[in-house]
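In what comes next, chain A is part of two complexes: it sits with chain B in the first one and with chain C in the second one.
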Partner chain A sequence: MKRTFTYKLNIFLFLLPALILFIGILIAPIIMSAYYSFHEFNLVANTDMEYVGLNNYRILFSSMLTNPNTGKLYANSMYLGDALAHSLILAALSTFIQLPLALIIALKLSKGIRGERAYLSIFFMPVLISTVIIGRLWMNIYDPGQAGLLNAGLRALGIDKWLFPAITSRITSSKLPFTGQWTGFRETALLAAFIPILWQYVGYHMLLMYAGIKGVPADLLEAAQLDGCTEGQVNRFIIIPYIKPILKVCVIFAVTGSLKSFDLIYALMKDTSRAELPSTLMYKLLFLHQRYGLGSTVAVILIVLCFLFAMLISLAFRDKGAKVA
Partner chain B sequence: MKKVCALLLALTMVLGMASAFADEVPTLTLWCIATESDANRPAYEAAIPAVEEALGVKIEWEAFENDSYKTKIKSTSAEELPDIFFTWSGAFAGDFATAGKLYCLDEEYKNYTADLPEVMLQNSTYDGKHYAVPLTMNIVTLFANMDLLKEAGYDAVPTTYDDLMACCAALKEKGIIPFGCSGNATWCVTEYLEPIIEKTIGYEAMNEIFAGRATWNDPAIATAVDTFQKMIIDGYFDPDGLSLDNDTVKANFIAGKYAFYQNGSWNCGEINDAEGNFQAALFPVMDAEKATYGQVIGGPNDALAVSAASKNPELAAKVAFALGKEICHYGYLAGSGLPAWTPDYDTSAVKPLVADVAKMVAESEGMVLFGDNAMSADPANVYLSYVAKVYGCEIDGAGFIEALTNELQ
Partner chain C sequence: MREVRKFKPSNIIVHILLLILVLINLFPLYWMVTFSLKNNDEILGYSYVDEATGERVLVPPNHVGLPQHWEWGNYNKAMNTGNMGQYFINSLAVSTSVIAITVIASFMATYALTRMVWKGRKMMNKFFMLGLTIPIHAAIVPVFTILSKMKLLNTYAALIVPYAAFSLSMGILISIGFMGDIPYDLDEAAFLDGCGVWKIFFRVIAPLMMPAIATVGIYTFLQCWNELLFATIFVSSGKYRTLPVGVQQLFGQYTTDWGPIGAALTIATLPTMIVYILLSKRIQDSFIAGAVKG
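Take a look at the complex of A and B:
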């Protein structure tokens, strides 16, 4: 009995440092954020913490609010709904465009093509570059003037003549015509911000998948070839099922990464709200508006969504065979 | 031999310690906005060594970029604040003062009353106490490229609204874009919108609104916003500006792409030194019954504050005043700001464009502090979010006043 107790005590003592770090760095801030989300206060002005119940959640989820003085409804400038919708679009684009692209590249590179290592480095390079630099780079690409690579290309090919009026006709948020200001309108800013994000992380997912594909036993592949499988069949029936755990990790990273995405959007859009995401809204509420309760509420919603999506993805990838066993 | 060596070593140690103590000078920390590319950098680089030498202190200074500084200073706890730090006056410093994070400078100010008129401290005075040392002052200035204006048949900057619109039409006909404004930095849009509102409703009414004592629900403000928007829709603003940053817009103006650029007077030095023929003016009057040409947006806004948690607040206050005076001196000569302090040095080297704007300030008939500094953080940012929508033509004048009335009042 005493020996068992000592054994368990040892385990506990060895785990204690990691447990303290885990609680201190992850659990405690989440609990504190949840606590702050029911309050309103200003850290700069040292105002008292005022309990507001669920009011912060009501403010963030209401597209319209009632003016307490007049009783009239008015548009809410801190509406979280649009930011969440943008995040979900980004998550969908990441899952259905970025990841398949990464998989195709990983499958091609893993076949031992010439210059395999060079291609790996090239595709992975954007992950290593600072996001601020990438933001600056893409700002130059989108520049509406003569220096902008994208608009210069479109003008050289004469595409701008029909594309720009077509985009103008679809812009409903503004009365101004589209003349190549990709980050200037809500309708185009979203796409303009998402393309660099997708581009930057293709290499990251590609590398994870590539490592997984390289781990597929050679005898399995040889057996398939002996049985007369085509390359497509090998990919579909052997490689992809084999790297399913890695694909799951990639999907979780892509979706939660989309929900948390901040740096590149901020670098491209600065303090405008044309491509608002929950994280940029949280930053503005915390550091610009100094509404720490509201900002903490966005943080809590983000945490809940990240956990929720991670669980849903795990469920979607659950191995039915393993469940039976 | 061993004893000699030990004696020599001990002697070296004692001498070393003695020299260390002899060299020990009080050290103060300073945070400011003066990165390498900042217009204020040369003023800090000249002022800091001068103050160090004059007061026998060591100043360890760290320079930040404008936007990142706002985030940093707001997220720093009172204990972690440096001894002296840059702040904007108005509501920004007011939040710090209310929270007891600033050291009161009334005692030290008594030594500088002759050099620094008390009116310059009014934007950083809370409950009758002074909490920040003004550096330079700045106003919104309408910079004009006279070579481009000449192409459109104008030898002087128009001083009435009708003349300005006629000038814009003539410029547009010649293929010249009249105005450039960055839509990526909303404060740049306020540099256009605020003078138009001021020249429509008058500086007193505008001050009342920014102070929260009057309502935004004024049809005259809606008219001012619609006037601004009409200029945008009529093509008097560079459409590319929506997605350009301020540095690019300023560079475009200096390169001769736009005829006018309305922004802070801190740009005077750079524009003065650029190739070309530039003049400074003010936005014309929209409603002569309520406003006059001499009413301006701006004031002594840039300042230095002393942390209440400083270990040596008296010395920090002394250094803050000395630094304020020197930064003002060198900043005025470099053209990065107008003097908040009375100049007691040779001003013959002041750049012509800076001197012109300084004259406008001397003759000004009323001032309104920049909106995002006059209001506290939350209302200021709600206001900025709707200003951005005005520039993007997402809401009109009626929508602007309705939204601000609902959210702020």
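Take a look at the complex of A and C:
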């Protein structure tokens, strides 16, 4: 009797540090955030919590976000619908441009090309650089003045002469002409944010896929070659089905990463409203406008969406796997 | 097979495409390092009046070339005015503490989850794995409230504790893989020799988990070294500010002075790059371990 008790106590003690951290910082705050999302309060002014029911959710989805002091809409309209749309566009771009690109490079590299390790290491390198630094660096690359690298390149090649007017004609959000302010217009800001994301993370997905392809049993590939399969057929019917679990992880990372993305936009643009994402909207609500209830509501919506998408993607991959088998 | 491949013309095209990608990958970094060593005249271009002819001569910016005058003073500015040295030390202090806590907590939890027999350990494992999907945004307002009530805002602990908590799931996930490779015979032998669970853990298991420390450590290090959101919100005083926030603060300080910005970016990037050059295989392996088992 005493022994089983000591044994159980030991199990508990071994789990204790992890449980304290995990429950204290992850689980309890989720519950608290959910509670906060039904309230409005101000931490700085130390006001009491006011129960507002589902009002926060209603406000966020109705673009009726007004400043309580003036009763008017905030200067830069803050609408969660736009922010969610932006992050879904980023998710789609990541999934349908970044991942196929990563897969193509991984397939080529894993077939024993000369210097594959060197290529791999170089492509993976940007993953290790802080996203803030990348954002700040790309802000300089996009600089609309004399020093900006991108515009200097376009000018040197003479592309700006037809590209800039073409972009100007498609801009409806402003009457200003486009002269290379890539992060300055609603129409270009999101794409300008996607390029550094692509630049940074394509190597990450490539590395995971490369590792997966290297794990495909050699006899499987040899058998296919003996049967006269072309390279394309081997890729399509053997390698890609085999690395499906890794592709699933990549899609989940790309999609949830886009939903959570904050650092890059925050570092890339002085005014994030042109490419507002849920997390930058949350940051503004919390620390610019002291709307803690509304900010918590955005957090809750983000948590739900992350789990929802992770589940949906897992389901999608499971179904297809079953059909192949 | 290899010889046949070498002379395939299609491989030359593949190499050319790969080299273009290498260029795209490296050029922004080369550009960052070179503009960190230039002065504003070279970066922005300038004009002067030629005394002999009296005409205004325009000198275009030097975008691609190496600096004509190497402005090492930019690094002085970034270190002194930009305070990058202090932020560097702060980041290092926070990261190493987080690694220590994460390694200890996740090794202990993994031991209970894999080596000890009890009902509900599978459920507990799944519970910890929730952390892989929970976004850090979930914690911001509540943790901010708790930290401010405990007067812990603007301390190292304000970052160390949340970072450790959010590194835990990945730590446990990686540790489970490593601990599974340690044969159970060792536990049994130690048990027969009269060792209790704690002794088995500290004397037998922990010493064999050294490779896991590297993998968990690398993964954890990069997560907290680069983290911005918590670091911006939970720490506002410059005394405890970490590198990413320091870089972000450069917005206000020298918006027109490009050189020091480039220097600050380079200072913040260089250490990870050096570590990567030394340990590239290990670092890649820890990312693979983190993703493949997830």
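FYI, the second predicted complex is superposed on the first by the 278 of 325 C-alpha atoms of A that agree within 3 Å, B and C clash if a C-alpha of one lies under 4 Å from a C-alpha of the other, contacts with A are read in each partner's own complex, and residues count from 1 in each chain.
FYI, a contact is a pair of C-beta atoms (placed from the backbone, for glycine too) under 8 Å apart; a residue touches a chain by one contact, two chains touch by 3 or more.
Nothing here was measured: the structure is a model prediction, and the numbers come from that model.
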Chain B versus chain C as contact partner of A:Thr272, first or second or both or neither: first
Touching partner for A:Phe185 - first (chain B), second (chain C), both, neither: first
Chain B versus chain C as contact partner of A:Phe287, first or second or both or neither: both
Of chain C and chain B, partner touching more chain A residues: C
Contacts of A:Asp263 with chain B and chain C, given as first, second, both or neither: second
Touched partner set for A:Lys108, first chain B, second chain C, both or neither: second
Partner chain in contact with A:Pro177 - chain B first, chain C second, else both or neither: first
First, second, both or neither for A:Tyr74, with chain B first and chain C second: first
Touching partner for A:Pro144 - first (chain B), second (chain C), both, neither: first
Contacts on chain A seen with chain B and repeated with chain C across the two complexes: 43, 145, 270, 286-287
Of all residues in chain B, those that touch chain A in their complex: 67, 70-71, 74-75, 95-96, 98-101, 183-186, 232-233, 239-240, 242-245, 248, 252, 376-378, 381-382, 384-386, 388, 392-394, 402-403, 406-407, 409
Footprint of chain A on chain C - complex, ascending: 2, 5-6, 11, 14-15, 18, 21-22, 24-26, 28, 31-32, 35, 43-45, 61, 63, 101, 104-106, 108-109, 111-113, 116, 118, 124, 127-128, 130-131, 133-145, 148, 161-162, 164-166, 168-169, 172, 197-198, 201, 222, 225-226, 228-229, 233, 243-245, 247-248, 250-251, 258, 261-262, 265, 268-269, 272-273, 276, 280, 283-284, 287-288, 291-292, 294
Chain A residues touching chain B - in the complex, by the definition given at the top: 42-46, 65, 67, 69-70, 72, 74-75, 77, 139, 142-145, 173-177, 179-186, 269-274, 284, 286-291
Chain A to chain C touching residues, read off their complex: 7-8, 10-11, 14-19, 21-22, 24-30, 32-33, 36, 43, 105, 108-109, 112-114, 119-133, 136-138, 140-141, 145-147, 149, 152-153, 199, 203-204, 207-208, 211-212, 245-246, 249, 253, 256, 259-260, 262-263, 266-267, 270, 279, 282-283, 286-287, 292, 295-296, 298-300, 302-303, 306-307, 310
